[in-house]
Structures are given as C-alpha cells and as structure tokens.
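Shared between the two complexes below is subunit A, which has subunit B as its partner in the first and subunit C in the second.
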Partner chain A sequence: MEIINGMLSIILNPSLIGILALFVFLGIYVGAMPGLSVSMACSLLISFTFSWEPLPALAAMLGAQIGGVYGGSRAAILLNIPGTTAAVATSLDGYPLAKKGLAGEAIAVATLSSVMGGLIGAVILAIGAPLISNIALKFAPRDYFLLGMMGLLLVGSLGSESNSRGIFTALIGLFIGTIGLDLVTGQQRFAFGNTYLMGGVNYVVVMLGLFGMSEALIQLRDLSVYPVKQKVDNLKPDFKGHVKYFVLTIKSSLIGVFVGALPGTGGDIAALIAYDQAKRTTKNPEVPFGEGAIEGLVAPETANNAAIGGAYIPMLTLGIPGDAVTAIILGALLIHGLRPGPLFMTESPDAFGFIVAGNFIGNIFLLIFGFMGIKLFTKIVEIPKYILMPTIIILSVVGSYAINNSIADIYWMLGFGIIGYLLKLYHFPTAPLILGVILSTIIEQSFRRAVSMAGNSLIGFIIDIVTNPISLILLVAIIFMSFSQSNFWKKTREKKLLNR
Partner chain B sequence: MKKRGLEKGEVTFLLVNVLLGIILFILSIQIYKKDTTLSSQGAFPFILSILMMVMSALMIVELKKYDKVDISEKKALVKIREIIAYIFPGKIFPIMTLIVIYAVVLPRVGFTISTFFFLSLSLITFHPRDIVKSLLISAGVVGVILVIFQYIFKVMLP
Partner chain C sequence: MKTKKMISLLLVLALIAGVLAGCSSDTTDTSNNQDLETTTTENTENNGSVEFPTKDLQGTIMWAAGGINDSVSRALGPYIQEELGKTVIFTNRPGAAGGIATQYVNEQSADGYNILFGAENPQIAKIMGTSNLDYSDFIPINIFSTTVGVVSVRSDSKYKTMEDLVNDMLARPGEVTMAVTGPGGYPQVADSMLKSIVGTEAQYVTFDGEAGALTAVLGEHVDFTITTLGSSYEMLRSGDLVGLAVYHTEPVEGIEDVPVIIDSYPKFNDYLPWGPFYGAFVKNGTPQEIVDILTEAFERAVSNPDYSEMTKNLGNVPLGIGGQEARDFIDNYRSVTSWLLYDAGVTESSPEEFGIQRVN
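The block that comes next holds the complex of A and B.
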C-alpha cells in the first residue's frame, strides 16, 4: 500500500513531475555532449540538491540518468562519438545509417528502443526488487561482504584493459573509505591528527574530483577533434514499424536488466552484450551489421536503458550498486537519510514506489523529448570544449563547497581531480575507486561482524562460508567470475575460437 | 586486440603505486599490531594493503604484454622532459596553474570575482586574440551560475 502511495506521490505532484521532466530533458543534452557523462552530471547534482527534500533530489537524479543514458545515442548516431560509454555499441550501426541520410530514422528507432527498454526495466524493477529483498533478509554479514567483493571484482575486471589495475583502484577506494574515526572503536585511522580527515573523506568530493575535474582536464588535452555532423530529417515515431523488432526488444531488455543487475556492471556492458547477441541471432538482416542494421541499433539502445531498472535492484535491495551511476545515487540516498538494503522496502516503501513510478514517467518524457529539440541539440554540441570544460571545473568547485560549506572540500576535490587525471592518463579505470569508497564501510563492517561471529578465526570464517548455502553460492560465483576474467581462461577461449 | 605501447612515464607511475602500497602496508601494520584479532580496526586495512602490493606486483609483471618503447639510451633529463610533456601537453599546465591559483584566491576574494578571472584567463589561454569575447563569455557564465545556483538550487557559494 505504501509503495502505491509512493507511486502516487510523484503522479499527483506537479512539482515532482516538473523536476523529473526538466532533468530528463537536460539529461538528454548532457548525455549527448561528448565529454560530459551521466556520472559527472549525477555527481554534480548530489551536491547541488544537497539541501533539497529527498524526493525532488531523487527526481532530478533519476531524470538526469534516464535522459543521459539515452542522450548518448544522439552523438553516437550524428557525430560517431558516443556521448556516453553505454552508447558505444549504438554508433556501430547508428552512424552508418546517418551517413546514408537516415539520421532521423535512426534517432527515432533509438528513442523508441530506449523507451521500451526503460519501461520493461521499470516493470522488472517493480516485480523483482521486492522478491530479491525477501531473499536478502536471509543474508548474513558474510554474504554482504561477499556481495561487496563480487561487485568490486566485477567492476574492477570488466571495462578495464587490465584486471590488476581495476582491482588496484578499487582497493585504493576501499582504503580511502577507511580514513577517519573507526566506527566501532572510535580510534583514528590514517587521519594523522587532522580534524578534516577524522571525519573521513566525503565520497561526493571524490566523485566530483574523479568524474568532474579530471574528466574536464582529460578533455582539454585535445581540443582539435571537430565532429562531422549529419543532416537530420523525418524525426517521427514509427510504432508500427517497430513492432517487427518486438522479440529482439524483449530479449535485449532482459539482457539489459540482468547485466545491469549484476553488481559492478552497467549499461555499457549490457549494450555490447545485447548487440553481440543480436548480431549472432538475427538471420538475414535487411542491412548487414556494422553497415546500418536497424537491429544493431534496437538491441544496444533497448539494453542500456533497461539496465537502469536492473541496476536499481541490487542497489535498493542489497545496498550494492549495479554501476557507477547507481553508486552515486546510492550516495545521494544515504545523504538524504534513506538506507538502501533488505529493509528498504519496509522502512521506505514510499521512496521505492517513487523510484519505480519515476522510472515509468521518466521514460514517457523521454518519448516526448526524444522527438523534439534536434535543432537545439545541434547548437548545443557546437559549444566549444575550451568554454565547457573550465565551466565544469567551476561547477565541481561549487559542488564540493556546497556539501559542507568547507573550503577544505574544494582542495580535496582538486587533489582527487589530479589523481583521477593521472589514473586516466595511464589507463587505470576510475569507476572502481568510487565504488570502493562507497562500499568500504559496508564491506569492512560486514567482514568484521562475520569474523567476530566465527570467533575471530579465519578458518571458522571460511567454514561458515562453505557450510552456508547462500554464502557458498556467492563464493562459487566470485570464483567463477575471477576465473572467467583470468588470462588463462581468455587464452583458452581464443585458442578454441581459432581452431573452429 | 592490438597491443598498445607503454605511455611515457607509465612505468614510473606504476612504481609510485608500488610505493603507495608499501607505505600503506607500513601504516596499516602499525594499527594492526595494537590488536591482532581479525575483527580489529587494523585488520581490514592490513589485508587491503597486502592485496594492493600483490596487485602492484601483477601490474609490473603485466608490463611485458605492452609494446616497449626503447628509451634506455636517453639521458634522465630528456626522459623527465618527455614525461612532463606527456602529462602536461598543450595548455594543460597553464590551466592547472590557474586552477591552483583559483583555489588559493577563492576564499580570499570571493566566488564571483575569482571565478570571473579564472574563466576569463582560461579562455584567453586557449584563444589569446579573443580577449573581449572571453571577458563577455566569462561574465555571462558567472551570471548564469549565480542565478541558477544561488536562486534556483539555493546553494551556498564559496
């Protein structure tokens, strides 16, 4: 009942609807602009909506996420530069379509696919989250520890060129999370008597540095890239034409939700897997994949928006974010006093209902805004990087100050900005670091509770894991994931493929 | 997948990470030795620091999979110059300097003035000939930020 109340709270509240609509609209342009990312936008939004009530702040971030993930497709189709990583697969067939003079059709297909994926993702979130939440009530501290580790292992290994580099940055994140007063003993750890450090490093500051300032610096390294734009015409939704992709839409949505729900993955991986699956299973496409196949556009666009709903499932029910953006939104929920986890459904049913309804309504706004404002879009992408990026740095400064009205936060943000710049320069992924900082407390506290329950014995802790069905399943999943990402496994697979 | 070559300074950066792992290990062991139980406040950082050192070692081992750039015959000074040029290409160094100055000046002269000057000087750094245009754009951006954040978001500005 309270979940339905939560849904009604957004449906019957014009200001919440207005905020959601506004940020879906703005999100499309943020996602469409190469160099700006959804993570960057949500990091900035956390700090700017700090003083807002929880629901309007959540509406803003949800809108920016839905719009931003879709927005990446516009730049991928028109400029061959994916606006977001989730749109990498979209450019494979979207840009060839635009080069053939079919940019309008491509955008229309991408919009319809994104909306379908988003709606299916929202339905599965509404059904799946309460079910997972019931199972999660049976989780012991050791299971939370294993889940957190699984998330870090996945995010560390997927999407980075080297597993060790990804895991290393995740470990740095976990370490940063331990700075400050210990929650159990109250003693200082790595604070060196510094009063700022005793309170711990604020993760919003880390996010703004890594996703805001460092990204702006990376973009400023090369100002010479001028995208070649394509003409857009015939921007009309073709619902009838889209029906023939119904099966592919459902399949891609399910892939999106499932991959999105895996801790540590996200829309980008979901889109690539869905594209690959569509390529392998579509017999006789009208146009070959890679040369403008509509199926090559439907699959990734459906999957990356479906992944949004999927990523919310582990975040809301287990407190483990599915990807970097939901990690940021998890941070926002914590700031606003909401505690995602198995008790989230019972403690904050209205907030859950609000998130589900927000996902639905946000996608309806996406359908509206996806078919308009294309002229504005072409103007906005013309804003030169040398104006945009210093502005992002200023916004990161404003955002970091807004959290505690502390100048020290600005200095820390700048420090993390420079660290993030160096990490990116030398091919270290930064998303695991953020996930590490956010998950640090839950992983450490779960680990300490679990080993305490096992009599402070490592052997007892291991016995507890292997004798408990849930823990054992999680352990086997971690071993399987680690093995499947190992060089040995990758080389064996490559050999097998070559021998075929 | 095509092998990429090592970036200039990449090995040095990895060595810095190794050093970071060692320093964190030393700091963690100091906390851990006060209470050596697994649920103590030092146990988790201690385990993390060991894992960091293991990952650092793996990163060094993995260096063999990248194409090597033979710079062994170059003098140390030349190598350092190349690394600096890689980290700070084009206008990155002046921009970073402006950011540092901005951060120092900000609490002293306030948000509006310092942001206006930071943005103007950044734009002029990229386009030295368009001084008037840069000043006008900066004034416009600062104005928009003030309106949006002070009046709409109601954010306290530095």
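The block that comes next holds the complex of A and C.
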C-alpha cells in the first residue's frame, strides 16, 4: 500500500515531476556528448544535490540516468562514436543508416526502443524484483565466467569481414584488461612500477580513443567527402511499425533486465548480448546486419534501457549495486539517510515506489524529449568535417580527463586513438577490442574465483560446471553458438539450401 | 581551401581555450595556479601570523564517488565551510588502492590547501610494493571514523557460533571457503589475525569488493566472510546474514546481539581495537600554524551531531581524533597490519625494511 503511496507521491507532486523531466532532458544531452558518461553525471549530481531532500535528489539522478543511457545512442548513430559504452552495439547498425541519410529514422527507432525497454524494465522491477534478485544470487562465479565466454563469441558478430581480424583485436583487448594490480595476489602486471599503470586502463578511455579520436582521424583523411543530406521529414513515434519487433523487444528487454540485475555487469554487456542474439535469430532482415538493419538498433537500445530497471533490482532488494551508476546512486541514498538493502521495501516502501514510478514517468518524458530534438540533432552530421572532427577530439580529451581527473588517461586515450586509426586503416574492426577490454576482467576474475571455489582444482571446476543446472545450460548454449559459427556448420547448411 | 584551413585552425584554438576556461571554472583542477599563490602564502607566513585560508580548499578523495570514503568526506564539506569560511572542492582520484591520490597530493605544494581525504589503504602500500608513499609522508589532520569487522554467514548456514566455524576450519584446513577482497583488503587481514591466533586456514575466493564478497555468501557460493560493518549492516539487520562475531572490544551499537570476538578468543585483545579508518591529511612540510588551524576546524566539524549521525548510519564508529592521537592510531594500524600480512606470507619484504616496528 505504501509502495503505491510512494508512486503517487511523485505523480501528485509537480515539482518532483519537473525535476525528473529536467534531468531526463539534460541526461539526453550529456549522454549524447562523447566522453561525458552517465556515471560522471551522477557523481557530479551527488555533490550538487547534497543539501536537497532525498526524493528530489533521487529524481534528479534517476532522470539523468534514464536520459543519459538513451542519449549515448545519438552520437553512436550520427557520428559512429558511442556516447556511452552501452551504445557501442548501437553504432554497428545505426551509423550505416546515417550514412544512407536515414539518421532521423534511426534515432526515432532507437528512441522508441529505449522507451519500450525502459518501461518493460520498470514493470519487471515493480513486480519481479525479489524473484530476479534470488536468481541473480544463484549465479556463481563459474556462471559469470561462462557468460563472459559467451560474450567473447560476439566477436563473430562484430568483426565484419574476417573472423581472424576480429579475434586478433579482441585478444589485444583482453590483454589490455590485464594491466594493473592483480586482484588476487596484489602483484603488478605490466605496470613496470608505475603508479598510473597500476591503476589499470579504464575501458571508457579505450572507447573514447578507439571510437572518438580514431574516427575523427580517419574522417579527416578525406575532407572532400561531403556529408549526406539527411531525410528528416515525418518523424513521429511509429508504434504500428514497431509492432513487428514485438518478440525482439521482449527478448532484448529480458536480456537487459537480467544482465543488468547481475551485480558487476551492466547495460554495455546487455546491449552487446542482445545485439548478438538479434543477429543470430533474425532470419531475414530487410537489410543485412552491419549495414543498417533496424533489428540491430532495436535490440541493443531496448536492452540497455531495460538494464536500468534491472540494475536497481539487486540494489533495492540486497543493497548491492547492479552497475557503476547504481553504485553511485546507492552512495547518494546512504548520504540522504535511506538504506537500500533487504529491508528497504518494507522500511522505505515509499522510496521504493518512488523509484519504480520514477522509472515509468522518466521513460514517458524520454519519449517526448527524444522525439523533440531529432531534426536539430541530425544537422550535426551535416556540419563540415573541419569543424566537427576537431570538436570530437576535444570532447574525447575532456571526457578522458573527467573520468578520474587524471592526465594519464588523456595519454591513454591518445594512444588508443592512434592504435584505432591504424586498425581502421588496415580494416581491422575496433569493436572487438573494446569488447575484449570490457570482458577481460569478468572472465579472468570469475575463472580464478571459480577455480578457488573448487579447491584450486581445474577438474573440480569442470565437474562444478557440468553438475550445476545454470552452468550446464550456459555451457550448452556456448557450444551451440560456437558450433553454429563454424565453417562446417555453415557449409552443411548451404548444401541443404542448395539441395532444396 | 587555405581559408578553410585557417578557419578550422582558429576554431580549434578557440575551442581549446573555451574548454580550458570551462574546466578551471566549474571543475576542480586548479593545480596550475597553485604555485603562484603558494608564494604569497609563504610570504605572509614569514610575517608571523598566518592568514589561512584565503581561497578555496582542494579535497582529493582516494576512492570513487558513491563509496564510503567518498560519503564521509563529502558530507564533511559543508561543516568545514562553516568553520573556515571557504569551500572544499572535492575531486575523486581513485586507482591503485589509493596510490594515485597520495601521489597526486604529494605532487602539490605543502600549503594546506591540498587535503587528502583517504582511507587506511596507503598504510600497507609500502610493504605491498604498490606505492612508495604512506601516511608517514603526510600529517594527519583528523581521523573522522573507524569501522569494525563482522564475521558473517548465511542465515541457514550450519555454523551457528564462531566456535562452530573455527572448529570446522581446524578439522578441515584449507577447505572452508572465505570471500576476500584481495591481499591487504580488510577481509584477508582480519582472517590473518584469526589465523595467527587460532591457526585456522581458509580457502580464499577473491572478489573485487566487499559487496561482491557478501553477494557470494548470500548466494551460497562461499561459506563465510569477514567484512566491515558498513557493507553488511543492512543484510545483518534483515537476518539474511548472521553475524557470528564482531571484531571489537565491546558490543557495537546496532548489532548488539552479535557476540564480541574476545569473548571466544581473548587473545584478540592484543590486536583490538583495530580497523580501517577514514581521515584527512596534508603533505609533510605544511607550516605548523596552518596545520593547527585545519586541525581545530576539522575537530569541530567532525564533532557536529548531524555528522556523527550520518557516520553511524554508514556503519562506522565516530572517532574525531587529531594531532598525536591520530598519528598513534594510524601508526598502530600500519604496524599491526603490516606484520600480520608478513606473518601470513602475503608480503615478501619485511616491515622492518621500512622501519615498521612490531607492536604485539
């Protein structure tokens, strides 16, 4: 009952709705700027809202989160530069659409998908939070390991032409992820005694270099190519057209909510997995994936916004953050005297209701604001390159510095910018590299955890995998996925098709 | 074409200028201006009486936004402003277990304007080889709070008391699994203490934070963990976790029914009270007058009842000590922890190499 009161408290309070709406709006623009991340916006908001009452402060952060996660898709579609790591998958099919002059349509689809994902995420948060958090708890380190391995199989989907080139860059990514202090032994790895190297390499910095800086460098090679004129008429939410993606939307939302609810994984991994699933299961896309398939936009955008609701599940039911942004919001709630944990739903039902309702209403504002600025936004693509590209480089520099206020991160970003430039020049895909960096820590640490749990025995680890239902299902899925990528499978399938 | 290039160049320059200006006004890094202004402070200081502070203070936080270190530091900001009349501008510089923040503050001038808001981590940086800086390179202004550890198991665990757990560990050495957060992390040091007193040996499973460690206990993936109260408080309160013992000399407010570990194992008296802490530090070489002004201001700020209340809500024990008392507290932490880690075989270099004496 009090949960409903909490929900009403936001609906009946115009000032709270106003704050939520304002920060959804601001969040979109922060997320759309390459380099300005959602977690950065939220940590700035902690100090900013310090003296506020808890609910307005929460409304501000919730709004910035919802807007920011969505906003990342804008730069991904328009410039091939994901505004946030959760939008990496969005650029794969979004940017080809922009190149065809369909940026407006792409943004419209992304907006509608984000809103659908966000709403489904909020519904699941409202009705299934305790259930999902129980399942998430059952996920053992070995299951995280298998999930990470499953993520690695995505290389096949991301590396456009040649698998071996994709695997090569993914391996570089995995290597970069190992730099820093070893978690288990405290040994320095590839740090050479340097304090800045000990801190490891932040994957956002890698992303800014590989996508922002290097994309700008590549595009500056040929200033004479003039941007495609964008078609921007008739941009309204196409609910009817979206119905045909119903199954994909539900599937991607479920992936998003669940991956978001797993502590330690967030919207970035959810979006990549959803993209991969869409690519595998969509039989006949109108346009092939990687060249502007609408399905390739719907899946990641639905999943990353659904992951917001998911990330709140462990935070509100256990007091454990689901991802980096909820970790910051958790800290903010503590400062404001709220205590997320197993008792949160019974002790602060109003705040719980507030968060659920805020997720709903925030997404409704997302629908409104998302469609408001599309025309203006698509103009960005039409800005001459000699103005646009230097701006992107500057944003990448500012963004890398702002993560940890460290100059070293700027050097990293520049380094990865040059590496990315060379990779792109020789037609190596860069997305697998960022995938490698994101997954490296999860795979390695989970593997070591799982082996220590099995008494430091590799055989014990394998026995654990085949005797536990969750692990077994994941293992079978991985075997099936890698088999379906093999040449043998593809050839026999082609033969079958020919014989028909 | 040439004009286009000129235009683009000009635009780039203008943008750089704009961005730099934007940075210095709304974010936090004003280190470039520091040197200039230091000279003025040094001049006034030679005249005898010091006018401090004449500008805003820069607070460097060792851990990321949203963590306990961040919360206890940022929450203090407004109270310090009340005392000193200047704002503390906080910046998080996480990484390398605090090493990046200590290095940063150490690179700034010793003028009292650069304050390090840190946790206990640097105290083992030298023996762990992660940094050549620890708090002996800084002057403690105030240690705001400390925290206690709780030995936690799942509510349906077969272990009902601390003795159950210890006896099973003794019976099956290396088989009972414990969630830790890496060498030098609180759980592992707390377990080293148990190991040196009762001779148990747990099988460590390393997670990347106490939240992860507790999740693993809740999910029945590991048998037990020892974390700080702040991380486990809500789960203990709800009964999802059961506290077998608290690492403190007396029962702790909020979890009064969790037994004190010295009741079962009195030898813990040699080490306790001992625990992670949060405090503010300035670089060695900061003029004594300025240290005194800061110490007094922080002492009053920390003793504010609202602030103490918030500290308790985070699962911490308010402390608020400065001067020699603070120095003794952090030195004791360094010595106890360093020797525990060395005895447990975690570090290769002896604490003696760094002039750290054994206290117990």
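Note that the second predicted complex is superposed on the first by the 268 of 500 C-alpha atoms of A that agree within 3 Å, B and C clash if a C-alpha of one lies under 4 Å from a C-alpha of the other, contacts with A are read in each partner's own complex, and residues count from 1 in each chain.
Quick note on the criterion: a contact is a pair of C-beta atoms (placed from the backbone, for glycine too) under 8 Å apart; a residue touches a chain by one contact, two chains touch by 3 or more.
Model, not experiment: these values are computed from the prediction.
Asker: Under the stated touch criterion, which partner chain does A:467 make contact with: subunit B (first), subunit C (second), both, or neither?
Answerer: A:467: touches no partner chain.
Asker: Of the two partner chains, subunit B (first) and subunit C (second), which one does A:390 touch, if any: first, second, both, or neither?
Answerer: Both: A:390 reaches subunit B and subunit C.
Asker: Is A:165 in contact with subunit B, with subunit C, with both, or with neither (first, second, both, neither)?
Answerer: Only subunit B; A:165 stays clear of subunit C.
Asker: Quick check for you: in the superposed arrangement, does A:51 touch first (subunit B), second (subunit C), both or neither?
Answerer: both
Asker: If we overlay the two complexes on their shared chain A, which of subunit B and subunit C does A:319 touch? Say first, second, both or neither.
Answerer: The answer is second: A:319 touches subunit C but not subunit B.
Asker: So in the superposed three-chain picture, is A:422 touching just subunit B, just subunit C, both, or none of them (first/second/both/neither)?
Answerer: First partner only.
Asker: After lining up the shared chain so the two structures overlap, which partner does A:284 touch, if you call subunit B first and subunit C second: first, second, both or neither?
Answerer: So A:284 meets neither subunit B nor subunit C here.
Asker: Check whether A:447 is in contact with subunit B, with subunit C, with both or with neither, and answer first, second, both or neither.
Answerer: First partner only.
Asker: Taking the superposition as given, does A:178 touch the first partner, subunit B, the second, subunit C, both, or neither?
Answerer: first
Asker: Which subunit A residues come up in both lists, the one for subunit B and the one for subunit C?
Answerer: In subunit A, positions 47, 50-51, 184-185, 386-387, 390-391, 394, 397-398, 402, 405, 448-449, 452, 456 sit in both the subunit B and subunit C interfaces.
Asker: Under the stated contact criterion, what part of subunit B meets subunit A in this complex?
Answerer: Against subunit A, subunit B makes touches at 4, 7, 9-10, 13-14, 17, 20, 24, 27, 31, 37-39, 41-45, 48-49, 51-52, 55-56, 58-59, 62, 86-87, 89-92, 95-96, 99-100, 102-103, 106-107, 111, 115, 118-119, 122-123, 126-127, 137, 141, 145, 149, 153-158.
Asker: Where on subunit C is subunit A touching in the complex?
Answerer: Interface residues on the subunit C side: 4-5, 7-8, 11-12, 15-16, 19, 23, 27-29, 64-68, 70-71, 74-75, 77-78, 90-97, 99-100, 103, 128-131, 174-175, 177, 182-184, 203-208, 211-212, 214-216, 218-219, 221-222, 233-235, 237-238, 240, 310, 313-314, 346.
Asker: State the interface residues of subunit A toward subunit C in the complex, per the touch definition above.
Answerer: Per the touch definition, subunit A meets subunit C at residues 39, 42-43, 46-47, 50-51, 137-141, 180-181, 183-186, 188, 195-196, 198-200, 263-264, 314, 318-321, 327-332, 334-335, 337, 339-344, 386-387, 390-391, 394, 397-398, 402, 404-406, 441, 445, 448-449, 452-453, 455-456.
Asker: Spell out the part of subunit A that touches subunit B in their complex, as residue ranges.
Answerer: 47-51, 161-162, 164-165, 167-168, 171-172, 174-175, 178, 182, 184-185, 187, 189-190, 213, 217, 220-223, 386-387, 390-391, 393-395, 397-398, 401-402, 405, 407, 410-411, 414, 418, 422, 425-427, 444, 447-449, 451-452, 456-458, 461
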